[in-house]
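Once you scroll down, you'll see the structures, which are given as structure tokens.
Here come two complexes built around chain A, the first alongside chain B, the second alongside chain C.
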Partner chain A sequence: MSSTTSSRDGSRVSLAKPPRASAEHVDATYPLWFHIPAGVIYIVLFIVPTIFSFYFAFTRWTLFKSTFIGFDNFVLFFSEPGLIGSLRNTLVYGFITSAAKVVLGMLLAVVLSAPIIARGYLRSVTFFPVLVSAVGVGITFQVLLDPFNGIVNKLISSVTGADGPGWLTDPDIALLSVAGIDVWKGLGLATLIYIAGIAAIPNEYFEAARVDGANSWQMFRHIILPLSFPATSTVIILSLIGGLRSFDLIWTTTQGGPGFASDVIASVIYKQYQAGFYGLSTAGNVILFVVVTAIIYPLSRWLNSKETVL
Partner chain B sequence: MSLPTKGRQALIAGLVAGGLALSACSAGSLGTSSTAASGGAAGVTITYLVDNSDQAVKPAQSLVDAFNATNSGVTVKLETRAQGTDGDNVVKTKLATGDMAEVFAYNSGSLMAALDPAKNLVPLTNESFMSNVQDAFKSSVTSGSDVYGVPMGGATGGGILYNKKVFAQLGLSVPKTWDEFMANNAKIKAAGIDPVIQTYGDTWTSQLFVLADFANVTSAQPDWAEKYTAGQAKYVDQPALTSFERLEEVHKAGYMNKDFASAKNSQGLQKLVKGTGAQYPMLTFVIGAYSAMSDTAKDDIGFFAQPGDDAAQNKLTSWSPGGVYIPTTATGDKLEGAKKFLAFIASTAGCDAQTKGLTPSGPYMVKGCTLPAGLPAAVNDLQKYYTDGNLSPALEFLSPIKGPNLEKITVEVGSGITSAADGAKRYDEDVKKQAQQLGLPGW
Partner chain C sequence: MNAMRRPTRWLVGLIGILVTTGLFLVPFAFVFTMAAKDTNEASLLEFSWPTHFQLWQNVVEVFRARDFMLVIAFINSTILTVASVTLMVVFGAMVAYVLDRRKSRLNPLINTLVLAGLIIPPAVVPTIWVMQSLGLFKTLPGLILVEVAFGLAFTVLTMRAFIASIPREIDEAAIVDGAGPLRLFFQVIFPLLRSVIVTIVVVQSIFVFNDFQNPLYFLPGSQNATVQLTLFNYMSQSQTTYNLLFANVLVITVPMLVMYIIFQRQIVAGMTSGAVKG
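Entry: the complex of A and B
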């Protein structure tokens, strides 16, 4: 495990200093025709539709015809309170889940890197939710969090005597509930990346610190925290991208409801497509693309610039 | 239809189509004759595409079997497709690519209008069998000046299902006006029973107070639907705003069941059958579902149209059944064969074949067709509105515009998240998008 990740981290680190030599090496090894099949597939299935989608975002289209309407779709998207609300929800959801995964993932990884009993088993258990399909998780939590018949609120009302909150049906907390489920589901991956990141820290640092009489907190603060930074940036980027374009969990738990309280851009796009507003939903996709890129690209550049070579 | 979301649409489409199919139990006995029956004529074979729900397949199968047994020269083969949004996409894609079966079943009303009928469907306006079809149905499969389909299955009513035992116990009578309805609610609540069941776990069910109120809107302003299509009548203005206000009123008065936010449609029906809830705004296609929940449910549950301001104007809001259409890609012999099959569907023999499979949940819209005896009480209540001619088609059959977010908005209004006025305003914006997508003038 640690060897795969350290190579992974290694490649991330090397991104900071572009690996010219290895690129030339690849060019020299493989003739052009070797790239063509993959290139054709990529161009036909990804590049061409992407370019088309930018055009169709400026039209009102059906399967049968399209009308060019300039920026109307975008104007509509930004003038509607529901759509702006979904943009805000998307950002809230993305940042909450990402932050929670970084903090909790780091803590869990530190615990699971220590020599504790049943460490392998506990690591597997932590990772297990990642393997379950999001739809399955969503439906299960919908049952668990049912305000009156769900096990969570039955427990709460048997302890406190009062009705528990409507986790997924109260407009004020529905989005946070889904974010909580997302964290539960995605935490295993963050932990795994951190475990690998911590395992990749050379032992000499710890030995030297111990000789100098550092306590565990100091070792965490001054060795693990800074030296696992590549893992942190990987977790931030991955979970933020995942959070910003999250759809499946939200759709299976609340369908963006109650009303529009937990709508994110992706669920709005889906509903618009379902409703036959193809142009508007294409515009929504372009906006999602721009938002994700505008956040991730500078963030990724910044995080990479902060990384240190071990 | 429209009701709700597409998933539901599919379900309902299936059910409506299935209404036809109600006779399914005997389908199997007829089932083997399809190929053997063509009486020796060389004939053509055409395909009939329906969605794959039981309610659609069973009646369609008995219809196909009955047709194949009686007609020489044309053999119909049944084919199924997915339900719901996927099904909508299948139909649209098949039409766009010229791959559609010679005959297919699909929703009537605004969903049919979205198929671009003038381009994709064969007009049936001048066919002789169209004279068997009731005018109320024709209006829901008309686009421009042409009629495009024949009805499959029975009509559905939108209104309020109520528990007759609870009403009898509390000495209540069926309300004819909204004030009577609210007065009943107060008494029901005082008796410790939930007056109005709402089930926002299935969001489409939240729309009923608004959709089933449409007959009252047309009573107040007969040309409302026309003006609405032209972009001149809005939900933020009266009389349509009342529909949203009624939903808000019921929530504010605390007349809903405690778990309204999470309950599902089937749980709502259970409450109604058990008598823990007294009234449930619903579509009558659920009659089969609650009838199966207890031995007496069939007779315990009744139905009335949503009350309005004026007792003399109390009318039912009616949903047309789905239609059966021929795509323009069917030509020559196949087109003739398809028309023969449609003529059979629009005949009393066609209705009877459907009844054999499935208990109808509403009246057929073909002239001369009758319902069997011994139907659930709510069907008889429903039938009465049709016999008296006391009804208005639902908005989606009078106008091609149905905003897709209505069910979300009614959840918000019904849960007290937004006010009726804000909800209506938001729905008007939703409707505007739909109108623009359809390319209607005036938007």
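Entry: the complex of A and C
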């Protein structure tokens, strides 16, 4: 090691061997063909379909034959109440789940970072739902939230005497119920990210605040809240991407119903695909692409710029 | 953070135990008790200890149902998970490594593609169209490659940050010792990635094993179902057999719980230690 020094551009000055041209050396050591295996799979099965979706969204399509029909699919999407409702539901679902995971994940992480009893147990228990599949969670909650026999409504009626709501069968609250289940399932991950974020705050801040006589609330408000901002922005972006694209949980709990009450764009894409309307299904995909990108891209840039200010 | 008085520590801890038990443990206990009941008792959907405890019998029946469909599904899901996660890790590490070590005109393009992969929802029917023209649609290798394509972005992003923390002097030393690029990567660099590989393997295995959407689209048909699709065996019929349904939920949940428990310490270690020692 001592006979070799490396400079910035990667060229070596070795006493044992004569120096070689840097470009050739880098070329030989870090060959560009290392990109090829991943690149081929990624381009063929992800980039190419994404690019072609912008053509097939404007066609009537049977997989074998496509007829260009202009904006007809998009006009249909935005004029059909069941379809345009899915756009609104996607936004509601994405923002509610993301906001709830930020607030509850932060609170839970603060509690689980404090020296309380049974901390390891509590951390494990809140994380376990993350490991269960959306299908398993969906089926379990479908039974727990059954309007007549489910244990949730039995508990409600035994306490209040009145009948509990039809969580997944009432069109007014079905979407919110699924969002609630989503939060239940994903909260553990948000909490884990926050715990890591809080653990990364240098202890000196807390010591200095204690010397100055700060109480727990002031420590939370002026130390934990601002200094765990990187964790907050990670949780926001991750849960928003997941929420806007969410399909598994909605499909296994309500299948977008009752009616179209809890349909999101991802479930519309599946329904139109099943019905054989491949062009319309792909138009849904393009709309989802635009929605997700138009929200996530500026948001992540804004969060990044705030992060560097801190 | 350490200034809590003892009574407070107990009080907050106890409240935490009560709340999390009610919210998170009861649903798990519910799945377990339902899976151990007989068909009539399970149909009441009550949260109670089974009068006839027949968990083993239900689990055996779930495995034997529809000509051992669940056994085949477990084989399919295992092949799918192992193959796709292996390819993701090896190919993703190769990209992340060259991306970090070598300044190239390709780098901005690759960075853009990685970000695109994290954000953009896959275009479903066009993907089927491409797979069909390659003869990959409705095949397990096809689904494996799809999972690899969708998982690469996260893998490359995570690995790149870790590889940047490995000093270049290690590369230099290996080259002086006469290692070629392949030996340098697979025998020197790859073993140093152990902790980040464990993290990625666990995260991606959970994702692929629990995936419902991609098998539904790209590997339809009951003869090559993955484990998540077997659950619908007990629901689509006129009468749902709840004890078998929940026995099935339990059986397909256990592998990922066990894997997490085994690797829990290493994941935490991988997250905290980070850099290479020496």
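Keep in mind that, in the parts below, the second predicted complex is superposed on the first by the 278 of 310 C-alpha atoms of A that agree within 3 Å, B and C clash if a C-alpha of one lies under 4 Å from a C-alpha of the other, contacts with A are read in each partner's own complex, and residues count from 1 in each chain.
Definition applied: a residue touches a chain if its C-beta (ideal position, glycine included) is under 8 Å from a C-beta of that chain, and two chains touch if they have at least 3 such contacts.
This is a predicted model, so every value here is computed, not measured.
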{"item": "Which of chain B and chain C A:Val135 touches, first, second, both or neither", "value": "second"}
{"item": "Which superposed partner A:Ile269 touches (first chain B, second chain C, both, neither)", "value": "second"}
{"item": "Touched partner set for A:His35, first chain B, second chain C, both or neither", "value": "second"}
{"item": "First, second, both or neither for A:Arg221, with chain B first and chain C second", "value": "neither"}
{"item": "Per-residue contact with chain A, leading partner among chain C and chain B", "value": "C"}
{"item": "Which superposed partner A:Pro115 touches (first chain B, second chain C, both, neither)", "value": "second"}
{"item": "Partner chain(s) touched by A:Asp146 [first = chain B, second = chain C, both, neither]", "value": "both"}
{"item": "Intersection of chain A interface sets (partners chain B, chain C)", "value": "63, 146, 278"}
{"item": "Interface residues, chain A side, partner chain B - complex", "value": "60, 62-64, 67, 76, 80-82, 146-148, 166, 168-171, 255-261, 271-272, 274-280"}
{"item": "Chain A partner contacts - residues on chain B that touch it in the complex", "value": "5-6, 85, 92-93, 96, 114, 116, 119, 200, 203, 258-259, 261-262, 404-405, 408-409, 411-412, 415, 417-418, 426, 429, 433-434, 436-437, 439"}
{"item": "List of chain A residues in touch with chain C within their complex", "value": "1, 3-4, 6, 10, 12, 14, 16-17, 26, 28-32, 34-35, 37-39, 41-42, 44-50, 52-53, 56, 61, 63, 111-119, 121-122, 125-126, 128-136, 139-141, 143-144, 146, 149-151, 184, 196, 206, 210, 216, 219, 241, 244-245, 247-248, 251-252, 266, 269-270, 273, 278, 281-282, 285-286, 288-289, 292-293, 296-297"}
{"item": "Interfacial residue positions of chain C with respect to chain A in the complex", "value": "1-4, 9-10, 12-14, 16-17, 20-21, 23-25, 27-28, 30-31, 34, 44-47, 87, 91-92, 94-95, 97-99, 101-102, 104, 106, 110, 113, 116-132, 134, 145-146, 148-150, 152, 156, 168-169, 171-173, 175-176, 181, 184-185, 206, 209-213, 216-217, 228, 231, 235, 242, 245-246, 249, 252-253, 256-257, 260, 271"}
